[in-house]
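Below are structures written as structure tokens.
Heads up, the next two complexes both have chain A, just with different partners, chain B and then chain C.
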Partner chain A sequence: MVKEIERAGIPVVHMCTVTPISMTVGANRIVPTIAIPHPLGNPALSPEEEKTIRRKLVSRALEALSTEVEDQTIFEA
Partner chain B sequence: MKLELGYIQMKDIQFSKECKVENGTLYVNPDQVIDFLYQDDDVKDWVKSFTLDIARPGESVRITPVKDVIEPRVKVEGPGGMFPGVIAKVDTVGSGKTHVLRGMAIVTAGKIVGFQEGIIDMTGPGADYTPFSKLLNLVVVAEPKDGYQDHKHEYEHAVRIAGLRAASFIGELGRNLTPDDTQSFETYGVKEGIEKLPNLPRVAYVHMLQSQGLLHDTYVYGVDAKRTLTTILNPTETMDGAILSGNCVSACDKNTTYHHQNNPVVAELFAAHGKTLNYVCNIITNENVYLADKQRSSDWTAKLCRLLDLDGAIVSQEGFGNPDTDLIMNTKKIEQQGVKTTIITDEYAGQDGKSQSLADAVVTGGNANQVIILPKLDKIIGMLDYVDVIAGGHAGSLREDGSIEAELQVITGATNEMGFNTLSAR
Partner chain C sequence: MSYRVLHYINQFFAQIGGEEMAHVPPELREGFVGPGMALHTAWNGEAEIVKTVVCGDSYFAEHEKEAKAQILEWVKAEKPDLFIAGPAFNAGRYGYACANICQAVQEELGIPVLTGMYEENPGADLRTRVLMVSTANSAAGMRKAAPVMAKLALKLMRGEALGASCEDGYMNNGVRVNFFEKERGAKRAVDMLVNKLNGKPFTTEYPMPSFDRVPPNKAIQDLSKATIALCTSGGIVPKGNPDHIESSSASHYGEYHIAEIDHLTSDKYETAHGGYDPVYANQDPNRVLPVDVMREFEKAGKIGKLHDFFYTTVGNGTAVASAKGFAADYAKKLVAAGVDAVIMTST
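Moving on to the complex of A and B:
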């Protein structure tokens, strides 16, 4: 899906936990997330703490989206 | 470490007033077994009722939803007891003598997660796809107490404990019998092995354990595998129940406790041990859902392979999907240490079998997407409520005439990734 959307000229950030798979399938902008069953949250945290990490992840994704890349890039924290 | 297994060949199971094994027949009083299961507080808290039933090879019987399959065994000499850290105390097992009631199993069944349990047919085409159709099965069907839906982890634990208790209760009946056949298994310490078998390649078994959580779990000496670091076991420890299944996951390629007790990779490596190779040990490693865990565990697997100066490693996977990542990470990193690898997995290659496979050099346990028709059978042990939603089934899987159309995924043990079953490909 990432590749098809990009083929249509729209840049994509792939937010995912297992970044090696994302690299293999050819995503260009990759943001690592929390865990496979809960990529954008963490049930072990309080709702306030969860909101903080979600905001951080989305901010990082938006930043990645507006960053020019030459090669496949993982945007680590 | 050396272990002797004494096999007691079972020929029949009968309900009876007393519990004993005589001339290869297991006589069981269901009430006595059920009383024993309820002596555990967690079982008492979560299980409303148990029903015991018998399924023999060739009978027109379908068992579903199947949770686990367990072989009854008892430790007769040496430290520790069966299922250490869970049923017996946590002493290290794998030495001395163990009696095995061969040719039979305890099967736990009943609703837990529903869509993630399996089917065992005792006759017909379905029976050809599961090794458990060839066993005399004592089936323990558990019925949960109301409100279990919000406490599935506690309920799964209770049913897991009930199955293991039933297996140790029945295994205990074989304590004072004379085995029909015995077999010894021994691996050596690192230096001892090099001295005794100086010219043979050093090979270990990298045994990947399902540990994704959310009821996809395996236990090692009572420890949840997702909280373990990659470590080493003597292969004989697995024969004494050191590794247990706590898995509610696709039936075809989950490793039941029976698979762990009778691991075919362990058996084959022992058969070649001292002849064509030196079987060094088992390395157990998990399949967690955090990338950092995958990195750490696979790094440690490769590190241990190097520390042990291995020449080769056999890697087996459990389950599919993201554990494929663990499999490839392990294999790549082990190979980077100069250790040759072969992997055992299965395939989800589509119903036509045409989709791409995982790697170039693999041993496959078969294609889990293959479609199969299971005719109606006379007797159901358990219930058919979940056939439409079971992983590998679809809406309409259970047809009006009582037959089932589904993918091989639904059959317990069909595409086992230790190579326990007979399916493969060339």
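Moving on to the complex of A and C:
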């Protein structure tokens, strides 16, 4: 799906936990996330701490979208 | 004396549980478990499964280093004649685990390996490194897959030469072997051409490689003026799943209006995805689709606008061709709506 969005001319960032699969499907901008069933959250934390992590991850994704890339790039947190 | 085999399976096939148990770390059991029986029976005493490694799919994907280290230690101690994994059919994380643990065993311990899965499984990306049998896309294909895997396994253990991929049932691994064809090249080429002209099936002898890569688009220059859309394969839908998006092998996607929504609440949204434990996403759907944080960033002026619609489907055993079609379709809508960038989340 990321490839089709990219093909339509829109930059896209893929946020996912298993980044090798994201590489396989051909995402160009990739941000690794926390866990498969809760990529952008962590139920072990308090709601406030969880939101802080989510802000951090989404900010990283926005940074990825504002960064020029030549090839598939993983934006580690 | 019969050949000794170590088998790798996931928590589901070991009947520990489904997604709610996908986090279990590897354990070692005596003898065969679950699908191992079919292989064991097919070998008819010539080979036997001495031990079975069971590992949760999410555990392997999220703790790959630890899982590999532990399993390699067990395989090393057992010194089997063959390490066999799966078959994983179209289970993505399971296929990924099977292919990667096989590769580790083969490369680090020099023990022959074999796995099996559906051609579109992400694990099949390693087909040129790990020998894998091509299977159906669901466990209903077990009866067909087991004898093919069992036969190929025996060949490997006996040290026999493999036949062509189409003869022995493994996925094309890119290895070419010289041999004499019955017919000369010119005749085979003309036969192919005649079949093609008559609309009959024919098989090329030299398939072109397909590199479907899309080059990255230009970065966003000014986030504070950009409209950004959220999309997901994690199955977030309005409560009750009004468009009936299937929990696996989705046949369509959903488009939902979120202009007045500050954050997704558990009484109004849930996940329709059948391929991961839904508890955490149902408690707080923002853990999969971060509407709350995006809205916050929009109010703070960090981004121009969160797009009024989000696009969602279930990426669980969904055919690549379907997923491609969904996104090609909604990407047109995104372009028409003037969306500047997309955040896609996956589980």
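The rule is simple: the second predicted complex is superposed on the first by the 77 of 77 C-alpha atoms of A that agree within 3 Å, B and C clash if a C-alpha of one lies under 4 Å from a C-alpha of the other, contacts with A are read in each partner's own complex, and residues count from 1 in each chain.
Here, a residue touches a chain if its C-beta (ideal position, glycine included) is under 8 Å from a C-beta of that chain, and two chains touch if they have at least 3 such contacts.
Since this is a predicted model, take the numbers as computed values, not measurements.
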| item | value |
| --- | --- |
| Superposed partners chain B and chain C on chain A - clash or fit | clash |
| Chain B versus chain C as contact partner of A:48, first or second or both or neither | neither |
| Chain A residues touched - chain C or chain B, whichever exceeds | C |
| Contacts of A:15 with chain B and chain C, given as first, second, both or neither | second |
| Partner chain in contact with A:37 - chain B first, chain C second, else both or neither | both |
| First, second, both or neither for A:26, with chain B first and chain C second | second |
| Touched partner set for A:61, first chain B, second chain C, both or neither | second |
| Superposed model, chain B segment overlapping chain C, candidates 134-142, 188-196 or 260-268 | 260-268 |
| Interface residues of chain A shared between complexes with chain B and chain C | 17-18, 20-21, 35-37 |
| Residues of chain A touching chain C in the complex | 1-18, 20-22, 24-29, 33, 35-41, 43, 50-51, 54-55, 57-59, 61-62, 65-71 |
| Residue numbers on chain C that touch chain A, as the complex places them | 19, 22, 58, 61-62, 92-93, 96, 122, 125, 212-221, 223, 226, 228, 231, 233-234, 276-281, 283-284, 286-290, 292-294, 296-297, 302-303, 313, 315, 323-324, 326-328, 331-332, 334-335, 339-347 |
| Chain A partner contacts - residues on chain B that touch it in the complex | 212-214, 289-291, 294, 322, 325, 329 |
| Of all residues in chain A, those that touch chain B in their complex | 17-21, 32, 34-37 |
